Amino acid sequence: MRTSTRALGWLAALALVIGLGAAFGYAPREAVQGNVQRIMYLHVPSILTAYLAFALVLLGSIGYLATRRAGWDRLAASAGELGVLFTGITIVTGSIWGKPTWGTWWTWDARLTSTAVLFLVYTGYLLLRGMVDEPERRGRYAAVVGIVGAANIPIVHFSVKWWRALHQPSTILGPEPSPIAAPIAAALLVNWVALTLLFVYFLARRIEIARLEDGARDA
Amino acid sequence: MTAYGRRALVVLWKDLLTERRSKESLNALFFFSLLLLFLFQFALGPDRERLQSALPGLLWLGFVLAGLLGLGRSFIAERDNDCWEGLLLTPGDKSAIYLGKLLANFILMTVVEVVLVFLFGVFYNVDLWSALGPLTVVLFLGTVGLSAVGTLFAAMTAQVRARELLFPVLLLPVQVPLLLATVSATQIVLGGQPLADAAAWLKLLVGADIVYLVIGLLTFEFILDA
Amino acid sequence: MMITAVGLGKSYGKTPVLDGVSLDVPAGSCLVLLGPNGAGKTTLLRIFATLVRPTAGALTVAGVDALRDPERVRAAIGMVAHGSYVYEDLTALENLRFWATMGGQDASEGRLRAALAQVELEAVADERARTFSSGMKRRIGLARVALGRPRLLLLDEPFTGLDRQGRKWLSEFLLAFKSGGGAVVLATHSFEGALGVADRIAILTGGRLALDQPAAELSREGLRRIYDDLTDSNGRTP
């Protein structure tokens, strides 16, 4: 592992510890939902990180089609894997949050549904990657799906939003002014930064491994 | 007529000619539509009202399922006859091939949809005729989106292992937003309301169709490439 | 020079299929690639056709850098290979019409029928290709490339499925093509056919070029001896 990656890992670990402290110590206990609401400090940063991952998939896909250099494809593949992981975390934490709050493990509300569709799209991306052996063709095909997947995100967002409205209105990414109290916002921000750092660390390590794998295969 | 247009049209001509000669896809899809009719009826039970209220969803479910079968076969002639490379070696913008295939698929899907609408109207005894104009608009927009992405993914999966499995896995998640839009719009239209009430959904469909068409035209050559 | 290849190599992962292949093909000449199965003839041919990207080396075809601008190369070549690009549900004429239009050429019926007559398929012009033998399908492929007026012909086992008359016809066709300024690269393991049309003979074994000589310097027996030396008697590399 490169020193810079190792340093990043330590930084991410530190940020996570701070984040945990903020989530459990600093942020107040929510009046109506109780302590289970604290899972939001993982749930929301998780989906934001997933969006970041999928943006990187798009970047890597376009980069690969434009230059045919394997580095771009490695970026797309690694970001894709992590994106699916964080989307999965979002869904699971959303489900855990939902059970005591709304009484069910799953609801077809706008946000959960959009996230689930996202999960399906990019799992398909990973499945496709797994089924094409030749690296050059794999990169090209995956890139096309990566681009379609990214274009799909806003379309899914709007279609599902209009279709259903059970979930709390989007207090972070929505156009209405945010009604969140300052300490909650601060804890959220800290955890978002921490999770992003963790993501970047994982991404760096995953790309390193991919580069080694490619090198071993071609040697 | 530009060379590009001629190439797109000759691909369309070839596919329509092949289909008219072999009638493989059309026959199977027609029969499949008939089967769906029975499947839906049996799955939902004899309650007429249940069926009628589920109608928009069933209609589009039928189209999408037929699309999975029909679109997945888009490039089967190229694969079976080993013509893939031949297409790759043709000079000029490869997106003409995509356009031709897309038009052929669109026509095929439209024929299947007309059949399905007719069958639904007759067998489920629902009035689809009075809203036929607005319904046609929704059908058109939904079919464009389905064909655009379906043709692109069909080209990709034609050369991949387990293509029958991968094609639906890739296509369906991308179809979800289109499905939400078309089913909602169909519901509005079949409820007797004017088309304008579904304006938001139609706008979404138009936007999505344009996005997918553009992506298809731009990225097809990368799927075809050696 | 129609083809200039320097140090071409192709590996799939760790498996090398071609290694260090360098050769030149001047316009108006025919290069025959001989070699046992698996020696890399087809791969080399496909690299010339820009269907396969080499993992090493440089290639110029018809004056164009094939690695940087494969599209322009494709406009100048015609390929007839194992999969002769024939749609079985279409007639011979319709197949030609399709490929001629795709190639941007004049696809008028008269011209297409004349091309079919050239390969002696005018009798079956309106029959579906499903009933054709592989030799007939190859001939459709030759008609197709003739329509395109390419500058370079790439042929993979063109003599298969042709009877004596067919071989004679093909040799004459290739001679006429060469005298028109075109170049031909032909991969085969048929000696008679090869010697009849070759200006240069190259032998590929194990992905490497083992021989590259003017055909005039080789007699049939000499070639056979060299070929057997380079590959053991079973046709495999030693």
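Order of writing sets the labels: A, B and C. Residues in every chain begin at 1.
Assume a residue touches a chain if its C-beta (ideal position, glycine included) is under 8 Å from a C-beta of that chain, and two chains touch if they have at least 3 such contacts.
Note that the structure is predicted; figures quoted are calculated from it, not measured.
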{"item": "Overall pattern in which the protein chains touch one another (line/ring/star/complete/other)", "value": "complete"}
{"item": "Comparison of B-C and A-C by number of C-beta pairs in contact, larger one", "value": "B-C"}
{"item": "Centroid spacing, where centroids are CA-atom means, of chain A and chain B in whole angstrom", "value": "31"}
{"item": "Whole-Å separation of chain centres (CA-atom averages), chain B against chain C", "value": "40"}
{"item": "Where chain A and chain C are represented by their mean Cα positions, the distance between them in whole Å", "value": "51"}
{"item": "In chain A, residues with contacts to at least two other chains", "value": "none"}
{"item": "Chain C residues counted as touching two or more neighbouring chains", "value": "53"}
{"item": "Chain A - residues contacting chain B, complex", "value": "65, 117, 120-121, 124, 127-128, 131-132, 137, 140-141, 143-145, 147-149, 151-152, 155-156, 158-160, 162-163"}
{"item": "Partner chain B, residues of chain C touching it in the complex", "value": "49-53, 70-71, 74-75, 77, 79, 81-90, 94, 97-99, 101-104, 128"}
{"item": "Chain B residues within the chain A interface of the complex", "value": "149, 152-153, 156, 159-162, 166, 169-170, 172-174, 176-178, 180-181, 184, 200-201, 204, 207-208, 211-212, 215, 219, 222-223, 225"}
{"item": "Chain C - residues contacting chain A, complex", "value": "11-14, 53"}
{"item": "Complex contacts: residues of chain A adjacent to chain C", "value": "134, 136, 217-219"}
